[in-house]
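One chain, chain A, links the two complexes that follow: it is found with chain B in the first and with chain C in the second.
Right after this comes the complex of A and B.
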């Protein structure tokens, strides 16, 4: 049996009471996935990422959503937010906290939204992420029956962040989950949405998530993806964004965990004045593999994009960055900036980076840059001459390197968590936790 | 900008489109073992060469044309191409310029390259390839004194088989890619240069290529070897007459630099780009690669690409020797319906190797242009450095400019920088010039020349002048 067939066989475990359009899409997804199969390194988009670890795996589907309470408290962000929790792809009402949602704000599990009013979901779901995008979106389409639906009525500004926590459990049979996140922001609405991937250490599951974000005129969405999966977890994600006139999408794609991680981030700037900001960070070590593919399509004149991705790689980690800016013909007066900087801390770490520009209009200001290097020895020397020992100096400079991206993060609870993780995960001798705490204490005082 | 003026200029005709009527000894179109045997026999090649060609041919049969480039063109019928065309009577070649067919000299005159004058004035030895056979070689004696071998590859195969056999195909193997395999099977001519140990070549070496007979692909093979501490500067320039059918050009250039050697390879390419619908231009699929085999060796590629309907060309450097240096300076100009997918590969293998890439692209009309480059730092390339800059200038709103830079970095001591920008000529720059009484066309030309300056200054003097003139001519047709 081929790998796609083996995966699709699990479909029989699914409920059979889908509405007809869901069943039809499931079939389309399954057929497309079977036809495409898993990508290989011969596919340009997967040139540096080998997904055999996924294709050769045996993943069941989770049957319950129980999660250890202590672990949950340790993993979740300590933040005042509307919280929706999925455990191995299944909704956990027990761990979720969705009371007191303001008028005009809908945050619901996908299964609930479908059973309550499936027609309202059907129109938007899958509009951006077609089954042709990649074998993984096709696979997700075949399986997806849970996820998060976020809907904002026009003009609503949500008071608290909307926090979607996706947890992965360890022990027993490895499972796969295919969650689906749909964010529909009405005109001039504004919200912060957090997708947080975490779980028990040692979890070795396969998460294949698809997120779709639709921004109507003037809407603003701050989208955080904090990926802290266990170092044995496999994670594939695609985020598809459609922006109307004067809308703004701020993406924060922060990757710390996972054994094999691939994220595709695609934004279509479809209305004048639309603006997208991509902030990315990946900090990897051991044998982690993180692949970020981003694409900004400037389909309308006077649209703007600004992208900044920073990578820190240690040990035998492998990082991939592929950023593409596309400017359509007649989409004049575009500004598009893209930057990728990588810091290699080890001789055996590898980074493959490809910043692409594809431009069909002339009145544009586009630039991209990519740099890879090591810490500036002069800066290390400068710190040492002021009495800071070498490991500390290097650690400080590493934190400063990611600072440019972290400064943009507006949720302190996330920024602190990432900085602590970066500091804590630097080799033992770089132990910076105390320093971070001291710095925080000074800030609070 | 005055758009009518622009329109007018865009519709300018190819200034160097004309055909010289010289009888050619051409084989019927088609490619099989017998064609290869015919070429080999015609060239008086030894048996091993024929075998080498056939090996390449069998590899080629198994391969498929590359489809990854940002190019669009109909499939090429390789059986419709005639693989050999030589000016008549190759056996009694002219020994000096006086014996050269006056019509050929006339052709050079029309091109603005008075061979004899130019050669004398610039002190350049010219191995002129007219169609596929070297017609004349000048200054051979002077080179001979220095011990430099500069001749056609066919002659080298006959006269210096050991040298050729030792190096041919060691930089670009027969089955390197589809077009290189085709070239290895059917190459008809090209240049061979060997600079012995410690010799600095006394003059710049230059070859003017010219495609002439209709339906004949030109398959050059160039091999340049620079022995220890030797130096050479090689110039290559091309123009072609106007033709209706697409002509295929699949050349292979191999450079070998041993310890402390320095090879500078400069190209000005101005083949017929096709009419305004893109019909009839040259297909230019070239494999160029330099091998910095020895420590502290250096290879420098400089190219000015203004012609051809399709350009597929990635002059590369394999930096194997410690502290070896690779350089790539490129100006690519596309207009009309031209398509160019060009760039470079810098493969850092040895320690402390350095490379510099400066690529300037100018796209006008309805043309499409892509920079595609690879910088690869191997795990043993400690302290390797690369600096890449690629800038694109767009003239008109129907053209495209793209960059696809690949970076594969497997060593933490490496420093790799890449910058790219895409923009148009700023209105305030134009205004500034015009306010000082410079007319629009001159102003644009000045700005564009300034944009390309980093590359032009790498060209040898006489080439730089020609390149600037060429650029102006090309731009004349695209901007007001």
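Right after this comes the complex of A and C.
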């Protein structure tokens, strides 16, 4: 049996009573996945990322959504938010907190939308993430029966972040999950949506998520993807964004966890004045592999994009950054800036970076660049000259490198968590978190 | 406190210091003057522990310890600090991080615990006010986008927080207007105490109008050729260095 057949066989475990709009989609996804098979390194888009660990794995589907209470408390973000929790891809009503949603805000599990036969949801799902995008998108489409649906009526500004927490469990049979996230933002609506991937240490599951974000005129979505899964977890994600006139999409793609993490982020700027900001960070160690493929399509004149990805790589970690900006013919007066800077903390760490601009218009302002380097030795020396020992000096400079992206993060809970994680991973006993707190206290005083 | 004996230093096989002797006692301010290229910066850099200098002969003792056996950070923690002529920018590292990490490193070396946050905050706010630096400077990256004068005041701020036993200041007055010079000088004067010492490296006398030295040394071609009290600085200002050279050659 081929690998695709083996994966698709698990479909028989699925419920048989899908509404017809779901069943049809499932079949299309399965057929496409079977035809494409898993990508190999001969595929340009997968040149640096070997997915055999996934293709050769044996993943069941989870059958219950129980999760250890103490672990849950330790993993979840301490944030006042509307929370929707999936455990190994299954909705946990018990861990979720969706009470008190304001008028015009719908946040529900995909299974609830399917049970209620919400055809509007069916109409939106798959509009951006076609089964041809990648074999993983097709695979997700074949399986997806759980996820988060977020829909905002025009003009609604959501008072609290919408927090989707996806947990992965350890022990027993490895499982796969194919969650689906749909964010439909009505005209001039505004919300912050967090996708947080976390779980038990030593979880070794496969998560294959697809996110679709539709922004109507003037809508603003702040989208956080915080990847903190176990260093043994496998993760493939694609995020597809469609922006109308004057909308704004701010992406914060923060990668700390996972053994293999691949994220595709694609935005179509389809209306004048639409603006996308991509902020990315990957901090990897051991044998972690993180691959970010980003694409911005400037399809309309006077659209703007600004991308800044930073990578810190230690040990034998491997990072991939492929950032493409495409400017369509006649998409005049656009601005597109892209930068990727990487810091190698070990000489066995590896980064493959490729920023790419493809421009078919002439009246544009664009720049792109990639730098990879070590810490500035003069700066290390200057800090040592004040009595700071070398590991601490390197830690401070690494935190400073990461800080440029973290300064953009508006949710303090996330910024602090990432800074603390970075500080905790640095080869140093020193309490950088304490420094950060002191600095904050002085600022407030 | 500091005892430099027969110090010979080469840089890339070129002899720069050629048998230099200098003794500084606690409570004293010494000024090293001399023409460009004489080796003044080299002397302070070698005492502080900067890389790239080879000591081929001689000793440097600081409170009886052999400085040449110590790493630069150990020297700083022991109380030997050099204020740089050209302080570098450290993008992203907040001033406050540097100050706290440095102060705690020094305390740890003395076997003391970390400074409590409120005490630290009070200290740095006070000292920045003394240096006429707005508290917002504490949140800014070290020297990033600072003017020349701000960089120099920031060097002194570090001294005021870290309270070195021996503060060495290399051309701290270069590029300062008169108001900035007064702020810097009053900062340096406030470091003065019976159990501390200061070594000023300068090429002009004008700084010494604001910081009165106990001893003035003339460094020429790698050696101290003449020492005296503050009157010597005035004489150098009036007559230049040539007469000292002639006198020492005679």
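Following the convention adopted for this analysis, the second predicted complex is superposed on the first by the 426 of 445 C-alpha atoms of A that agree within 3 Å, B and C clash if a C-alpha of one lies under 4 Å from a C-alpha of the other, contacts with A are read in each partner's own complex, and residues count from 1 in each chain.
Just so we're on the same page, a residue touches a chain if its C-beta (ideal position, glycine included) is under 8 Å from a C-beta of that chain, and two chains touch if they have at least 3 such contacts.
Owing to the predicted nature of the structure, the values given are computational and were not obtained by experimental measurement.
A.B. asks: Touch test for A:397: chain B only (first), chain C only (second), both, or neither?
C.D. replies: second
A.B. asks: Taking the superposition as given, does A:360 touch the first partner, chain B, the second, chain C, both, or neither?
C.D. replies: So A:360 only meets chain B here.
A.B. asks: One more residue to check, A:410. First (chain B), second (chain C), both or neither?
C.D. replies: neither
A.B. asks: What is the contact status of A:386 with respect to chain B (first) and chain C (second): first, second, both, or neither?
C.D. replies: second
A.B. asks: Applying the touch criterion given at the start, work out whether A:52 contacts chain B, chain C, both or neither, answering first, second, both or neither.
C.D. replies: A:52 sits against neither chain B nor chain C.
A.B. asks: Looking at the overlay, what does A:374 touch: chain B (first), chain C (second), both, or neither?
C.D. replies: first
A.B. asks: Would you sort A:351 into first (chain B), second (chain C), both or neither based on which partner it touches?
C.D. replies: first
A.B. asks: Thinking of the overlay built on chain A, is A:330 touched by chain B (first), by chain C (second), by both, or by neither?
C.D. replies: Touch partner of A:330: chain B, not chain C.
A.B. asks: Which holds for A:41: it touches chain B only (first), chain C only (second), both, or neither?
C.D. replies: neither
A.B. asks: Could you list which residues of chain A make contact with chain B in one structure and with chain C in the other?
C.D. replies: none
A.B. asks: Quick check on the complex: what are the chain A residues that touch chain C?
C.D. replies: Touching chain C: residues 376, 378-379, 381-390, 392, 396-397, 399-401, 403-404, 430-431, 434-435, 437-439, 441-443, 445 of chain A.
A.B. asks: Can you tell me which positions in chain C touch chain A when the two form their complex?
C.D. replies: Residues 48-51, 71-73, 76-77, 81-82, 84, 87-88, 90-94, 96-98, 100-102, 105-106, 109, 114, 117, 120-121, 124-125, 135, 138-139, 141-142, 158, 162.
A.B. asks: Looking at the complex, which residues from chain B come into contact with chain A?
C.D. replies: 68, 379, 392, 394-424
A.B. asks: Could you pull out which chain A residues touch chain B in their complex?
C.D. replies: That would be residues 44, 48, 329-330, 332, 342, 344-374 of chain A.
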